[in-house]
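Quick heads-up: structures coming right below.
Look for subunit A in each of the two complexes below; its partner is subunit B in the first and subunit C in the second.
Showing the complex of A and B:
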């Protein structure tokens, strides 16, 4: 038997991350109460180290290793960098919240790091097994994070729901993958593509497999009708965890959709395009309509997130490289925006009091004009008002879907976006025009949080004024 | 990024920085901080503008056309911010920044205290923020290299002028005046934006240079607006654009807002309007001269509008008793001269007058303001008199400004106004002799009302008010800008007349068809050195008309004050017409205000309330909120329901995919 030592270099960031996460996991048990912030700082430091590592070893060349099961290309690097960028914000915003709610534990950070490791593996997956392993690493860590607040019935229930439904979805995805394997005889993504394009696989089995895969992916993205977990989990989980699962995993989910459908099965584009159209329409319409009736801000964000996923899918439906880069642009913008939005809830929350009802925002302008202005930016960006970046995200996706000939889909998208503007604008109206229940000033719970939220919010404005950079990143990383 | 690019960027953005600092952080940085930061940033812009001016006018640098920032490209149309810098924009930049700097400094003295607000209210900082914002808007307008940015600057200037006119927001008259200015400008902007839309539709670009390059393609393009009548596209387009200029540069019949704008803090916003903002329209036409040159019909229209404004608004100046309003009507009249020059294709002369006018009118306004400060905010010239010995600096400033205004040979205003008159006299397009006659009469009227005010304020017997109060000269922050402004008001023309008339000054920026180049023929016929031009001035009609006006004013108001009173009592009808400013306000009120009120009422009651509100809006809302509530129920919270929905979705998709 001929054993060749694989080339480890493409996977160095993952290995470093794994080593650091394991170290922190062990060290956390030894760090005494006196150094209780050590874990937090070590986590942030690890993220920065891994981020810099990726940044400085960035190449536009594609490197494949581990028997064609792992790939490192520009696409993967860019997504990983954004996952890190978003996660740094997540941890920054979480620290204070965790303390206020008496479950500041090192596990939160180590589980988070492992989830990020899972996302990295998903992003770099080059065959079905790697992809599945990455997905499970991420999901298991997230189930545990949701359930961490053991004495909260709501959180436990949310974790339970997510776990059981997630298992169901994972089963469906795995079933679909196995069918594709059965039809093509290979697990490696480019080989799957080659076999399908050569026309050697049974098309009925393939079509079956695609349906199951799309459903599995739809669940991870939170697309209708596989979205039912989203509001309950977003609402039930501690806000810090919600923040975590609302942002970075969407980027990873986008990556596996791209790897599986676009890289692996471009030959079946007609099949999956049909399915995505249905899911996109349902997501946009149902997400928007139900969001109209929400009074809880976290649930509002959950439903509006579903509508955003519908928009994201439009980019895939266009089925052109420009369309995919539009979708990528959209997901990056969405991740940054949701960090800012959930960060706002965390920044304004207090010990023993969540700031998660829309009515909590009443008269915020009088109590904290600066953060109200930041919230204004976030809401306008989500609604797609120029000059904020959310406008461009919607614009490019719509442009591409029209260019691909689906004008009617774009019309549905625009109509839902306009209807959706209602609930974002309502938050603004509540902040600026409603009388607050109490007039006392409401500073952010720490200065760090205020600065952090401001940085993320203002970046929405700055990126919106100069959108070309992020667009170029999304475009080039897909086409290089 | 070249050096020049960086300098231009700083020139444009420095005032914006000042505005933001003083506007948003006014409370933190305090009064002193606010005026230091705004004056500092405008001073930076001014110094750099002087450099750019020097670079372009004296070193003859090449036209600089570059984009600073591209917002987006949609369907081949670039939305960008950019610079088109040549002698025209370099000159305007200098005027804008210099005048604005003077105003900033002067404001320290003028806004020091305000009865409407307590001392801790940051109204002072807010005012400085507006001033800087105004400077930024005006700079982005004159530095633009595309229509989009022009429009941005245009609207931004309009917005800030609205804010400034209504600065005394607790006074009803100020609020009415700013609303009026805003609405009248909307009328003009309506034409303006239609004009830009035509550029967009027919030329497919927003960029000036590309627009100019494509002009010849559309020389004979016609459009049908009313069936059977064909219009030249270019004529319609430039007239629409000019309607925008009529609003901003206060040409009849869109002039009504300018006298009212004197409600703004005296005379700073007045000055801003008079010396800077109102010239935006003139600047725009000069900037687009290649397009205007292609339409003789448009030029005739502009010529006649300008001449009418020059004469009729001058007449109104005679009957005003508010010192600010006299200056305001004189501004209107001078704007008419500039516009008429545009119509005669004498763009350079028009810009020349913009330039000289900016300085001497700023001087007059600030001098008037100085008088108002001394008179404790009394503005009625009948209550003044004999101020000469109390306020010597203001007196001399006002005298020099007035001499420049009436075109006394040798003063700046003489050169620019005489160039305009000669150019219109040379012009051969239809309506030019009519316009020439109006402009000549305007010279007489100008001299008459200027010196009427001058004599009533500074000479004659001291009024009771002057006797009973202690009147003294204004503080240094007020008088220094006066002295600084007096210098160019007197000297500027001497240096500029030759390059302007010969056409070398704006050679790279303004395009005139050789056949219509009236300034060139003025140059050939009349110009033989500065001294010769001045001597020629003394021998020509306009100067004697001006002297006659001064003499008559002296005779009427110093010697025989009973004569004007007698005329008033005899010519009641003429007086009535003038008192009511030819009835433009009344007309607006009856036709536009009431008309649009009725129209609005109709749309409100029948269309909006009945169809849109009850039917469409509320109908949709009811349906959607019902639907939302129903769908919300689907989120039961039971896990098996969720799993069921997933499985159901799986089956649905399977059927859909495999059908």
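Showing the complex of A and C:
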């Protein structure tokens, strides 16, 4: 048997991230007593280092290594950079919250780094095994992060729900993967594609495998009818953790949907397209309708996130390279917007005052006009009002789905988007026209948070005025 | 029927029956023991399929380590059996229906139509000196080395998560902690002190009364 040492260079960012995460894990036990914030700064520094590594070694060529279990292409690099960009914001906003709620612990940051490593593995997976292990690394770290606030019954309940349903979803996904393996006899994604296209695989087994895989992915994305965990987990988890699970994992989930369905099974597009159509319609309609009735801001964002996932799936339904690029653009925009939205809750929250009810925002304009303006940007962007970036995200997805001949789906999308504008505008109305309970000024809990939230919110406006750059990134990474 | 088939059917029957027992017995300890039996029977099936390494690992790791740990946990917890079995009869029909439905689907997809011997062909038979362990080792450390390392990372995350969720450091006024730095730096004079004091004269023994003692 000939063994060739695999080419390690494409995986250097992952290796560096693993090394730094392990180092911080050990170093934290020594640091935490003397320097409280050392772990936090080390975490941010490692993210920056890994980000720069990816940026400087960025190529548009595809490199496959480790016996076809790892792929690095422009798609993977762009998604990884955005995962880093989003996670830096997440950690920046979390620090103060963890401090105020007495569970500032080094493990939050190390588990976060390991979760990011899992996302990287998912984004670069070219083999069912690595894809699955990456997903597990990410999920396991997230279950623990949710339960970390141990004395909160709500957080523990959320963690249990997420764990049980997540384990079920993982089981279904694994079942699907093993069926595809049984039918095609290979675990490598390009080979699966080749066998399916050659028509050598048993179509019944493949169809069932696809159903199981789509159900598993639907759970991970939080698409209806597999969405039951989303509002409870978003609401129950400590807000810092909600911020973490609402942003970057969506990018990673998008990546595995792309790798499995588009890279691996383009031959079965008829099978998965129908499933995704059902999921997309249900997600858009149910997400929007239930969001109308919410009074808790975190639950509102959870249901609006479900509706956003419906829109994201429209890009996959188009089943063209342009459609996938539109979906990628959508998920990047969604991740940035949700960091800004949950960051706002963290910025305005205090010890003993969570600021997660819509009525908490009453009269925010009188108490803190600058952050109220930022919130206005976030809400408009989520609703899809021009000139904010959310508008272009919805626009390109709808454009592609119409180009693919699903005009009726686009009409449902537009109707739900308009209905959805109601609850985003309600938040704005509460902020600007309702009388506040107290008239005292409400500054952000730290200057850092105020600046951070402003940067993320203003980027929605800047990107919205000049959307060409981000669109070019999303289109070029898939079409090249 | 060959001898091999006979062994297979016996082991398979044990595995199926013990799995059914495992989910239907009342006592969690007994359920765990039935599960151990199911594992052993499955390990036997694997060994007859010439995967002796996997069979032995299944017995060592699952039956030996995981189930024993599980038994410890079950015995330490105070589980209310009556509460556990509440609604068992009420949900039984739905459960049986769902199980049968899934079984029918599975049979349709994974049954002999799609994975029978005439479709997949007869499995390769190896010689007596064939080493299953070598084959697995070669594949694990060459082809799947990336996944292997990631599995190690997954275990590490599991350890970190378990410790982060369970360790509770009680405050120093409740529990005395070691201060290792301080202990190492300690010298003899810190521990042993000479004190000057006036000599004390003891009373003679015969004059001593009971309350002095």
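The rule we apply is simple: the second predicted complex is superposed on the first by the 479 of 480 C-alpha atoms of A that agree within 3 Å, B and C clash if a C-alpha of one lies under 4 Å from a C-alpha of the other, contacts with A are read in each partner's own complex, and residues count from 1 in each chain.
Definition applied: contacts are C-beta pairs under 8 Å (C-beta built on N, C-alpha and C of every residue); 3 or more make two chains touch, one makes a residue touch a chain.
From a predicted model like this one, the values you see are computed outputs, not experimental measurements.
Engineer: Taking the superposition as given, does A:134 touch the first partner, subunit B, the second, subunit C, both, or neither?
Structural biologist: After superposition on chain A, A:134 lies in contact with subunit C alone.
Engineer: For A:204, decide between first (touching subunit B), second (touching subunit C), both and neither.
Structural biologist: Touch status of A:204: both partners.
Engineer: Does subunit B (first) or subunit C (second) touch A:293, or do both, or does neither?
Structural biologist: The first partner, subunit B, only.
Engineer: Does subunit B (first) or subunit C (second) touch A:147, or do both, or does neither?
Structural biologist: A:147: touches subunit C, not subunit B.
Engineer: Output check: A:70 vs subunit B and subunit C. Expected answer is one of first, second, both, neither. What do you get?
Structural biologist: second
Engineer: Is A:329 contacted by the first partner subunit B, the second partner subunit C, both or neither?
Structural biologist: In the superposed model, A:329 contacts neither subunit B nor subunit C.
Engineer: Using the superposition on A, tell me which residues of subunit A are in contact with subunit B and, in the other complex, with subunit C.
Structural biologist: 204, 208
Engineer: Within their complex, state which residues of subunit A touch subunit B.
Structural biologist: 160-161, 164-165, 168-169, 172, 204, 207-208, 210-212, 214-215, 219, 225-226, 228-229, 231-232, 271, 274-275, 278, 286, 289-290, 292-294, 387, 392, 419, 465-468
Engineer: Spell out the part of subunit B that touches subunit A in their complex, as residue ranges.
Structural biologist: 69-72, 624-625, 627-629, 631-632, 635, 637, 639, 641-643, 645-646, 648-650, 652-654, 656-658
Engineer: If we count contacts the way the header does, which residues on subunit A are in touch with subunit C in the complex?
Structural biologist: So the residues of subunit A touching subunit C come out as 1, 3, 6, 11, 18, 22, 25, 66-67, 69-70, 105, 107, 110-111, 114, 117-118, 121, 127, 129-130, 133-134, 136-137, 140-141, 143-144, 147-148, 150, 179, 182-183, 202, 204-205, 208.
Engineer: Using the touch definition from the top, list the residues of subunit C that touch subunit A in their complex.
Structural biologist: Touching subunit A from subunit C are residues 105, 108-110, 113-115, 119, 138, 142-147, 150-151, 153-154, 156-158, 160-161, 163-165.
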